[in-house]
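Working notes, beginning with the structure itself.
By letter and in written order, the chains are A, B and C; residue numbering begins at 1 in each of them.
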């Protein structure tokens, strides 16, 4: 049990060192913009349905849950605002990012892991190219950008999910639902949600490239890399979730003196 | 003993086996030779129902196995022992447990002592001692192959099927495994079917050789007969084998 | 489309195998140890953080809506018990156990161990899926209960330290919102999600194509499909349970 925890800490440290290496490479010998755009296109296109669907259902679930509670207080009018705010600020980014850690993260680490165990990465090195510059950097940047977009798309879909369930389950008409969203969801909340998405995207990109790049041991090794990518990303995301919430709360207190 | 009648097998659009007909008499060793991707392994897997042919019949002891259901295949599979291309040892079990696994399943009436004795006997048949408590990943690849052989013969099958038994092995181990196949087949009086691309091995131990190309039988005969064959592919195989012989 | 048909056939076979005793208890317990005990540290670690975030976020909302944070504990407990505790722990279970199963079964498939089982007259579905299924259902149930309780406890500590509630006040406020049946529902949800994971993961494992690429793809598919299935199922269950309140 203790070993599992120390293993995770070990992994996190090694991952940070790897990111340092990637950033250093980006500084000294950047990759072409073209290769980054290609990655963004590829990742966004192949992953779009999963986070969109998850976002839709998360929004729907939150609406159902909130309805049951708010009804008791007779404040059903607030439903649109409350459930959207709850989804956009916390539950949405967290669950959709979990899903992306499977979709984008696992896929990338499987791809890179396969390249590693079939010695393609060694081959690149032998051809005199830097594998971090050629392979890792475009993916790293591409994943950050496209995961951010995917998360934002998921959040957008969650509003629709909430809207639909609001109409079907709670009997709130869409106009009313939408009208109450701005009363509770401020720009700050949306910014907060998007900031979370950005941080999660960073973590996702760092973990999956690191795990894939350091895979060893044949087909089984690739499997192992994928498993640990998914686990490590989720742990990272939960910790980052706490950190960003804390940060935004502090920012709120400092600049606006509370709401 | 084993008979193929016009067996065809396709995966989607691609036809892998295009009407294969041959038979193996009891107690013989048959080699099926061919380059990679000609459907040799597919042919072998059809015999025990791991794959089912698209059309045609496969008879084992006069029973058509090509249309049987999974449960009905069990008695057929009991007769056949298959040695896979990979050692296919269960990696969560020790060497002893691997060999004992099928034995316990097939003959539940055996006592623990009898199982132990039988496992030891089988391991000594493949010339392995003192590896029983090791895990599969702790022994060399050649040894894994032998354990896999021992696991197969442990249940005393009457038919032995080998899927590229020597692929990926060094020349020394290749010869050792090859000799082992011959010894086991003769000692246990089994009918053996070996899929391979090693003509040298085939010439040494086969009773009959079939050459397969693009899903069709293009040439066949006894080792002596095949040496005089005029078919291009057979000649290529023979040349390889003779070159290897010369190198020794 | 063939994937859906294949899955239907496979699910039918699994269901038959799952409903026909005898079961190999030793295997089930072995898997249970892997599923439950070895996943516990990661899950507890994550839900503790999730609890802290929930408190922070609920206090944010409560300040807006009711201008004070007296209802925070209740609101947070509600969010944890109804959704976060079980979904977070199940998704973590998916990534750890589900991906692990797909990789394990997938590499057994490509190294022909699955064929070897069939040669010995053993149904691979029965041999591999059934023990894992039971282990995951029980594990999902137990983990969901533990995760929820620990998460609530964490939330209580945080609200005491951050918002200055005594534990008594926290529990009073919590009881106004949630009931014992919420914990039961959370457990049932956990068990249902637990059932999804081995079924989906082993399915993709059996379909695994050879090579490192195949195993990677099988694992990825297992994680994605189980995660989406869990979130969808969560919606269905939430809807069903909403009729019991």
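Quick notes on this structure:
What we mean here is this: a residue touches a chain if its C-beta (ideal position, glycine included) is under 8 Å from a C-beta of that chain, and two chains touch if they have at least 3 such contacts.
Since we're looking at a predicted model, the values are computed, not measured.
By the count of C-beta pairs in contact, the leading chain pair is A-C.
A summary of chain positions shows that the Cα centroid lying nearest the centre of all protein Cα atoms is that of chain C. Taking the mean Cα position of each chain as its centre, B sits at the greatest distance from subunit A.
Centres computed as Cα averages put subunit A at a distance of 19 Å from subunit C. Separation between the centroids of subunit A and subunit B, computed from CA atoms only, is 50 Å. A straight line joining the Cα centres of subunit B and subunit C is 43 Å long. The set of subunit B residues that touch two or more partner chains is empty.
In subunit C, the positions touching at least two other chains are 110.
Taken together, the subunit A residues at the contact with subunit C in this complex read 1, 4-5, 8, 50, 53-54, 57-58, 60-62, 64-65, 67-69, 75, 78, 82, 85-86, 89-91, 94-95, 98-99, 101-103, 106-107, 109-111, 113-114, 117-118, 169, 184, 218-224, 226-227, 230-231, 233-235, 238-239, 241-242, 245-246, 249, 252, 258-259.
Across the complex, subunit C is touched by residues 45, 48, 50, 70, 74, 77-78, 80-82, 84-91, 101-102, 105-106, 155 of subunit B. Those residues of subunit C whose C-beta lies close enough to touch subunit B in the complex are 108, 110-113, 115-116, 118-123. Only residues 37-38, 40-42, 45-46, 49-50, 52-54, 56-57, 60-61, 63-65, 78-79, 82-84, 87-88, 91-92, 94-96, 99-100, 102-104, 106-107, 110, 177, 211-217, 219-220, 223-224, 227-228, 231-232, 234-235, 238-239, 242, 245 of subunit C touch subunit A when the two sit together in their complex.
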